[in-house]
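Mind having a look at this structure? Questions to follow.
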Amino acid sequence: MKKVSEIMTTDVATIPGSARVSDAVNLMRRKGIHTLIVDQSHEQDAYGIVTAFDIVAKVTATGRNPRQVRVYEIMTKPCLVLNPELGVEYAAKLMTSAGIHTAPIIQWNLLGILSVTDILNQGDFLENPQEDALAKQFQALLTTARATCKQNGAASDACRQAWDAVDAVEAEAAYQKAEILEKTAFEEFCEEYPEAFKDREYDTWCSG
Amino acid sequence: MKKVSEIMTTDVATIPGSARVSDAVNLMRRKGIHTLIVDQSHEQDAYGIVTAFDIVAKVTATGRNPRQVRVYEIMTKPCLVLNPELGVEYAAKLMTSAGIHTAPIIQWNLLGILSVTDILNQGDFLENPQEDALAKQFQALLTTARATCKQNGAASDACRQAWDAVDAVEAEAAYQKAEILEKTAFEEFCEEYPEAFKDREYDTWCSG
Amino acid sequence: MKKVSEIMTTDVATIPGSARVSDAVNLMRRKGIHTLIVDQSHEQDAYGIVTAFDIVAKVTATGRNPRQVRVYEIMTKPCLVLNPELGVEYAAKLMTSAGIHTAPIIQWNLLGILSVTDILNQGDFLENPQEDALAKQFQALLTTARATCKQNGAASDACRQAWDAVDAVEAEAAYQKAEILEKTAFEEFCEEYPEAFKDREYDTWCSG
Amino acid sequence: MKKVSEIMTTDVATIPGSARVSDAVNLMRRKGIHTLIVDQSHEQDAYGIVTAFDIVAKVTATGRNPRQVRVYEIMTKPCLVLNPELGVEYAAKLMTSAGIHTAPIIQWNLLGILSVTDILNQGDFLENPQEDALAKQFQALLTTARATCKQNGAASDACRQAWDAVDAVEAEAAYQKAEILEKTAFEEFCEEYPEAFKDREYDTWCSG
Amino acid sequence: MKKVSEIMTTDVATIPGSARVSDAVNLMRRKGIHTLIVDQSHEQDAYGIVTAFDIVAKVTATGRNPRQVRVYEIMTKPCLVLNPELGVEYAAKLMTSAGIHTAPIIQWNLLGILSVTDILNQGDFLENPQEDALAKQFQALLTTARATCKQNGAASDACRQAWDAVDAVEAEAAYQKAEILEKTAFEEFCEEYPEAFKDREYDTWCSG
Amino acid sequence: MKKVSEIMTTDVATIPGSARVSDAVNLMRRKGIHTLIVDQSHEQDAYGIVTAFDIVAKVTATGRNPRQVRVYEIMTKPCLVLNPELGVEYAAKLMTSAGIHTAPIIQWNLLGILSVTDILNQGDFLENPQEDALAKQFQALLTTARATCKQNGAASDACRQAWDAVDAVEAEAAYQKAEILEKTAFEEFCEEYPEAFKDREYDTWCSG
C-alpha cells in the first residue's frame, strides 16, 4: 500500500482568512485548482480549508457579491488533516466517510494536499487491491506464528507476539470485507494448545 | 444570469452499469475526468452517475478488488438532473444543497454535464452577482408597476399583473439575502390605493 | 411500470413567495392539501415548494406568528423536480432518498404534483412488482440476443446492440436487488464466442 | 396552547409485524390513511410504526414484491412517542426536529396518533401564536412577582417561587425567538434588592 | 430484560433555562456529572436537556464567554423522553438511533435519567442477550399455541390469540436479527389447518 | 489557550480488533472507562476506536450476544486523531463538529486520549474565554504593526509581516463570533498609506 506522502500534491496554495472570496476565485482560476489552505493565525491554531464547493454553495448559490464576502466566512476550520505516513486506503476511508474531497497533510508544517482525484489517478488499488495484499500478509504471518511457537513453545512471549500480529491482520481483513469470523486462526491454535496465554487482560481467550 | 446550457460540458462519457469498476477507472484516467453517466436501460428508466468519489469511497477505501466490482454496485441511481434552461445560480443551490459535485443535464436526451468547477470557472457570479442583478430588476419593475397602475387604474388587470412581477422579484431578493420584509412595495401601494385587488385567492392582502 | 404523468395530481395550488404563511395555511385548509408550489419569479428561475411540514416545523414549532412570516422565509427553493416520463418506481427512489414527500412535475411548465400517497394509492407495484417485470424483460431480451447473434454473427452490430440491451436490464435487476453478478449473461456468451466485440471503449470485456 | 390529546386522532389502525407489506398497503388504501402502528409483542416492548413513506422508500423504490416483504422488515421500532398532556407546539418541535410526520400517543396504552396535518388543521397557532401567549403570561407573572415580594419580603420563599416562574417563562420566550437576554427581569430585581436569594445551588446569581 | 426504571439514576440535577452556562459548568464539575435537565416552565411545557457536549460544542468551540451565554441558548428542548417501563434494549435503540447519550425518564414527573454508560454498566445484555431470551420465549409460546389449538380447535378464539402471541415474538426476533422469514410458524400451521382465521382484517393470511 | 497535550488522559486502554465485545465490556467496566483504542495492525495502518456508545448501539440495541461479536465489527476505523499541539478550543470544534465524544492523540505513537468531559473539566474556557484572549492579542498586534510600519516604512517587509499577523487574528476573531468585517484594520491602514503592498498574490488588496 502506498503512503499518503507518495501521492500527495506538495505545491499547495494558501490564502489568509481575511482575503475576499473574489481573491480566492481568481487564485483558483489562475492556478487551475479548487482547494486553498487557510494558514494558522498562531502556533496552536488549526488549519482551515476553502474549496470551490464552499464558494459555489455559500456565495454563488446565495447570490452574494464575492467582493463583499471574506474567506473566513465560508471556510471550514479546523479541518480534517492527514498524516503523511498513513496508507492511501485509510486516507480514502477517512476522507470519504467524512464526505470530504480534499485534505491537507500536516506534520509540524503543511506538507501537501491530497484529493480524491489524486487517489483515483495515483493510488495502486487497481494493480494491488488491499484485500489481496492482506490475504497474502495473513498467510505469511500465520506460517511464521506456527513456526515460532513450535520453536519457542506455546507459552513463550515470542509465540504470543507472533499471534498478536496474525490476529491484527486477520481482524483487519475481516473488517474490510465486513465478514464475521466464527473462529480466528489463533482460537483454533488455542484449542490445540490450551496452555497458552492464560493471562490476557481481556480475559475470555484461551480460557481453557 | 447565465443558463446551465451555456456553461455545461457537452462531451459526456457514459458507461454501462454492468461494466467493471476497473473499466470505469481506466476510462476516467484516460479522459482525465471524474464523472461517468450510466445510461438508461429502457425509456422510462432513470439515469445513473458514478464519480471518482464513489470509487474511492466504496472500492479503494474498503480494499475491494476493482476488477470484481461492477459499476451498478457503486453508482447513484436515479440521480439529480438539471434542466438546461435553469439559471446557473439555481443549479448551484440545487447541487450544493444536495451535497453533489456534478449533475447531468437532461431534456428528453442527455445533453451535458455540469460540475461545481464549471460553475466556479465559467459562471459570471464574479462580474455580475445575483444580488445586484435582482436589485436592478426590482427597481425597473417597480417603476413599471407604478406607471402601469397610474395609466390603467389601480384595479385594472394590467396593474395587478405588474405588481405580481414586482412581488415575485422582491420576495426572491429577500429570500436570497435571508431578509425579513416588514412591508412589501405592493403592501405600501395597497395602503395608498385600498380599493385594489380585493379578490386574491390567498386572502389577507389589501383587505382594507 | 406506470409513468409519473399517469398518476400525478394535475390540479396544483400555487402561492407567491411574498404571501404570508397565514395565507398558505388558509389555502391549504380550504383545499384540504398540504403542498403549495411557489411560482418562478422569472424565466430562468427555479420553482419553490412549501409544505405543511415546513409550516409546522418553522412557524408552529417556534411559536412565531404566521401573519408575520412570509412564504419565502420557509419555502424550499429550488426544489427537486420530476420528469413526467419517469417511471413511478424511479420517482419513488428519487423522492424517498432525498427525504421528500411531494415534488412538482415540470417540463417547460408546471404540469402537476406527485406525493408519496399518490404512489401508494395509484402505483401498480402491488399488482406488478418491478422485480418480476425486470425478470420477464431480461428473459425476453436474452432470447432475442441469442437469436440475433445466431442470425447475424457474433461480431455483428445487431448482435452487439442486442447484448447491450440484455446487459442494461441485467445490471438494473441486480442493482434493484443489491445482488452481485459473478458473471453476466453476456460474459458467458463471450466465453462461447471469444471473437466478439474486442473494441469496447471500457476495455476488459471479451478480451480473450 | 392546545394539548396533544385535544387534536390527536383516536381511531388508530394497528398491524402485526409479521403481516405482509401487501396487507399494510391494502389496509391503508381501504381506510384512506398512511400510518399504521405495530403493536408491542410483550409488556416491556416498544411500539413500532410503518408509514406510506416507508413502503414507497423500501418496497416500491427498490422494486421488491410487497407480498414477499413483511412489515417488520420496513417498520421503525422503537418509535418516538408523545405524551397526551404535551402542548401541541412542543409536539410540533419534537416531531419536526426528528423529521417525523406522524407519532403515536401513549400513556400505558396506545391512545391515538398525531400527524403534521392534524397540527396544521386543528392547532390554534393561527389564532393564538405562542409568542403572543408567552408575552402575556410573562407580563402577568412579572406583576405577580413584584406584588408578592413587596408583600412577603424580597428574601421570602413566596417571592423566590414567584421569580422562578417569571424566569422560566422569560427564558422560554427568549428561546422560542432565539433572542439573547442581556439581563433578565429577575436580575434587574436583584440589583434593587441585593439581599435576595444568596443560596441558589447554581451560584452566581444575586451574588452581591 | 431489565426495565429502564431498574437502572436509571434517580438523583437528577436540574437548572433553569435562564441560568448562565458558567453556572451549568460549575454545577457539573461539582457533582461530577455531564447532563442537566431544564425544568418545564408550565404544565404543558416540555423538558429540556443540556450536556457537556452542548457546552463544549456551542461555547468552548466557538470561544464565547460562558458567563455571557444562558442555558436556554444551548439546550435541546423538547428532548427525547423515556418511559420507566420500557425495556433497556429498546431504550438503547431509541437513544442510539437518535444519536443521544442521555435521556430523562418522565411519567407525570421527572423520575430519573439514563445514560449510555448506565446501560453499559448495569444492563444485563452480557449475561442475558435478548436474542437468546426471544428464542426461548418463542419456543414456549409455540408449544402453548399448538396445545391450545389442539384442545380448543383451530378456529377458536383461544387458538387465535395464542398464535398472535407467537407471531409477535417471531417477528420481533427476526427484526432484531434483520432476518427474512420465508414462512412463519403460524403460516405453517395454516397449511395444516386451512379452516382457521379467515376473517383477519389484513386479509391475505390463511386465505386457502 | 491550553494545548491538547496539557489536558489529555495519558493512560489509554487498547484492545485488539479480534477480541470479543464481551472482553471490551469487561475491560471498560473494570477500568471505569468508556473508550478503547484499537491498535494499528501494521505501520501504515490507521487507529480504530470503540466506545460504550458503539457497544450499546450495535450490540445491546440489536439484542446480539456480546460473546459472539468481535470488536472490529463495531469499531470506527480509521478514526479522527488529534495533534498534541492543537489548542483545546480547536480540538473542541473538530470533535463536536464531527459528533465525536472522544479522540486519540497521536504523533508517531499513541500519546493519549481526549474526551468532551476532559475539556469541560480541565479546559480554561471559563477563566479565559477565547474571545477575550483574541481581542487582547489583536490589540497588541495592532499596536506593534502601526509602530513597525512607522519605523520601517509602509512598504517594508517588516511592516507587511506585522500586518499579516494582525489580519490573521482579526479574521480568526471575526470567524469565532460569526461577524462580518466591513473593513479590516489593515484595509484602513491601506487607505492611509496606499503605496503599501501592491504585489500580493491574491490581488485586490491595497490596489489604490
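Which chain is which? They are A, B, C, D, E and F, in the order written, and residues in each are numbered from 1.
Methods note: a residue touches a chain if its C-beta (ideal position, glycine included) is under 8 Å from a C-beta of that chain, and two chains touch if they have at least 3 such contacts.
Please read these numbers as outputs of a predicted model, since none were measured by experiment.
The chains touching chain A as well as chain F do not exist; no chain touches both. Among the remaining chains, none touches chain D as well as chain E. When each chain is reduced to the average of its Cα atoms, C sits farthest from chain F.
Put simply, the C-alpha centre of chain C and that of chain D have 35 angstrom between them.
A straight line joining the Cα centres of chain B and chain E is 42 Å long. The set of chain C residues touching two or more other chains comprises 22, 26, 67, 93. If you sketch which chains touch which, the chains form one closed loop in which each chain touches exactly two neighbours.
Note for the complex: chain C touches chain B at residues 1, 3, 15-20, 22-24, 26-27, 39-46, 67, 70-73, 75, 77-78, 80-81, 83, 85-87, 90, 93-94, 98, 106, 137, 164-165, 167-172, 174-175, 180-181, 184, 186, 201-205.
Interface residues of chain E facing chain F in the complex, by the touch rule stated above, are 22, 25-26, 28-29, 34, 52-53, 55-57, 59-67, 88-89, 92-93, 95-97, 99, 101, 116-117, 119-121, 123, 125-126, 129-132, 134, 176-177.
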